[in-house]
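Below are two complexes that have chain A in common, paired first with chain B and then with chain C.
== the complex of A and B ==
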């Protein structure tokens, strides 16, 4: 039984992220594979302030355990999430 | 309705950048750099090369500036066009949807195509079922001869490996009225005599080749002037952002609008008149709604037999604009719209001066760094009117039903105009429907599924239903 903290996913609901396609990310929970939903916590947040860096063009942003995903799509977020979950599993094996 | 694909993103990026340049006071100086900013050398190109990408971006910028796009071989001076736009009170030409030939990938005519999943099987069911002998064997695999193929689709159904696919021309596939087609010069062309301005081709084109003109420059100029500019916002706006209606109104205020009037105001009048009209029609007769301009255009250009059946009641936009014109002297009236069709309706409406789509509004908000969720609205009038439902399929019928007296309403809801529904409606001219009220909305789901929205229709719909229920609960608790 994994005792690790749930992976925190924060979807930015800021206006910039929203206008540049963030609305698609609203369905993220529905697209999470069933076997990992208990390992992930999806939250929404007001503007994360990430859009200021690149002149708005890399929005929408999603944070996966504080790591930003730019030009985020459900697929990109799931990719990073999978990477993080796998590395968590890797840590557990090492500690044995 | 998909809000996130790269064609739509690019369009919005260009719009946002142009708004930013305008707000910085450097539109003419900065616009020539725009293609380079969006496609810097180190990035990958979307098409054959960075240079082609940049060229197309220049053309797209023209449409955002409200200028004619250039399909002929002549030089394009963005700086000059920007200067012209800044001096004009209106867009150049009209609001017709056009195909930007540079961007059009010239999709191969719709066809049936054998993929390499074909196993060159013994059964040859494809060949055996083809009524025109259009399938030949080539190097052990089946191949469809385009010359002989009549697009019947039998081969697709027959193949046991599903190796045969139907490859559509997306814009033609989605156009309900056959308005977009290849012309004699071999170019994709939108026939203005057939186009109903529904915007479906614009959303469907995977290359973003269908462009619309914006009057965003004109509206931004006015907002900076001393004139009072009043926003008339469509009911669908309320579901677009995760914010209270009062916050939306506050955001509009921050953009410079003197005030924001919900179009549900005019919708109440539409309901009143439409219910009256419906109660006066003869037994056995039927009437259709008139608030969707793409529907009205469909009737005008393709279903003339329906003309008499369309309600004579004006649209909520019209009544609201009329009210504002009568009560706010000298104000400029800007309708905030979920779609392009309203731009056309507004051209012929005395009371509406400009139309801004949700996409255009969103771009302005982003350019000004206005966070709708952080705006604080005045809490006085958070009341959501019943007519909020107008932007949801079935909502207009519901409101009319609730209003009408002494008449039973038997409604038929046409949720989205597509090729199938146009054929269905054509039959109704010969065989009248059993129902007496037909509500027609061009966009699936209603206006929340409009071609220029910034939020998923399912989410907007849920949001609006939440707000309506909350408002109803509040009214009930007060009573």
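== the complex of A and C ==
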């Protein structure tokens, strides 16, 4: 069993993110595979301010353990989430 | 002090079945910086567009004369002489009831042909005499008028005869709902909720009349309510200040303000959260794909996203209803409509991300949207509104 903290996912609810497809991300929990839901905590956040500061990246934004996902979609978020979970598994193997 | 009081005025209307337009017209006007409110209910002969036109003509004339401070008796005479009448039947094409209320606590009423109105004070109906005026040139037509003093907490309720006659012919409604039962209904509503707003009460009375008619309105339904009350205050803070040195000042205003509070905008709410050291909690229960999810914070009644929500609020205020959904925009609209005195503190810092030409929709700047909201609140809903830029 992994002893890591839950992976934090923050979905930006700001105007630009909503207009550029963020509304579809608001039900992200429903798209998470059942076997990993206990490893993840999904929260909504007021405007994360990323649209102002990231000139080369585009909304909508999601943070996965504070790592921004730009032009976020359910697929992109799940890809990064999988990467982080595998990385946690790797840490567990190393520690044995 | 008169500035501590407010004259809340609202009305509800449902046209006769199969008619697009109500033959009743309700006009209201706020004068003398809100210290005086005049309302006119006119019921046109017949129904539909023709009745509405006759009623509108009468109501507009009535509003004009009474607003110009002509003595009430003289106003009545001029109206009776100049309003259109059916030459054959020698009856007016429209009835009218006028109420002129001032914050000094005076009420003037002028009435020709409408159903009786009700004056309610301290949970009871107030009985009073009306002066009856009739002259030969009007044949059998006459008008009534009175002057009265009123106190804070008093209400005046106007109804059209469609309300008092609703249900006519149904079992238990041989003579319709009747004025007596309408009065009893109003008093019961006030007893259950002593601070029931003019808006809620007018909607309640009209809904009950609609029920009496089993949803098939037999005659236009209109109920207008004037409520002399202490104002319900609302503060709306939206937009980061142009000078971020003012972040603390606007946050302190939220703490100081006595009334309800809305914070509108993600960046704005982050500023308030930081300054007041209070967490923002988001509730997904009312998820709506059209309007971003709203949030809450201790000491604030509603936190919403900014531009998309406010654009929807403009739409709802123009239409006069908010779609029946529950989301940040409908909650915002409801708070506005259930307030009397609304203070807007608007930060003028522009969000450059909203000006991106590649965005799929055009986002107006905050000042413009809020100016639209303020204008509608003042002109259509007769709210007392103050707007401050920071």
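The working rule: the second predicted complex is superposed on the first by the 92 of 96 C-alpha atoms of A that agree within 3 Å, B and C clash if a C-alpha of one lies under 4 Å from a C-alpha of the other, contacts with A are read in each partner's own complex, and residues count from 1 in each chain.
By definition in this document, a residue touches a chain if its C-beta (ideal position, glycine included) is under 8 Å from a C-beta of that chain, and two chains touch if they have at least 3 such contacts.
Everything quoted here is computed from the prediction, not taken from an experiment.
Chemist: With the two structures overlaid on chain A, would chain B and chain C clash, or do they fit side by side?
Modeler: clash
Chemist: Using the superposition on chain A described above, determine whether A:43 touches chain B (first), chain C (second), both, or neither.
Modeler: Only chain C; A:43 stays clear of chain B.
Chemist: What is the contact status of A:88 with respect to chain B (first) and chain C (second): first, second, both, or neither?
Modeler: Neither: A:88 stays clear of chain B and chain C.
Chemist: Under the stated touch criterion, which partner chain does A:73 make contact with: chain B (first), chain C (second), both, or neither?
Modeler: A:73 contacts chain B only, not chain C.
Chemist: Let me test your reading of the model: by the given contact rule, A:20 touches which partner, first (chain B), second (chain C), both or neither?
Modeler: both
Chemist: Have a look at 76-84, 130-138 or 382-390 and say which bit of chain B overlaps chain C after the superposition.
Modeler: So the stretch of chain B that bumps into chain C is 382-390.
Chemist: Pick out the shared contact residues on chain A: the ones touching chain B in one complex and chain C in the other.
Modeler: Shared contact residues on chain A: 13-16, 18-20, 22-24, 26-27, 44, 46-47.
Chemist: Which of the residues in chain A end up touching chain C in this complex?
Modeler: Checking each residue of chain A against chain C gives 13-16, 18-20, 22-24, 26-27, 43-47, 49, 51-52, 59.
Chemist: Touching residues of chain B toward chain A in the complex: what are they?
Modeler: Going by the criterion above, the answer is residues 2-5, 8-9, 12-13, 16-17, 37-38, 241-242, 359, 362-363, 365-366, 370-374, 454-456, 459.
Chemist: Can you list the residues on chain C that touch chain A in the complex?
Modeler: 265-267, 269-270, 273, 280, 282, 284, 287, 289-290, 292-293, 295, 303, 305-308, 351-354, 356, 359-361, 363
Chemist: Using the touch rule from the top, collect the residues of chain A that touch chain B in their complex.
Modeler: 13-16, 18-24, 26-27, 44, 46-47, 55-57, 60, 73
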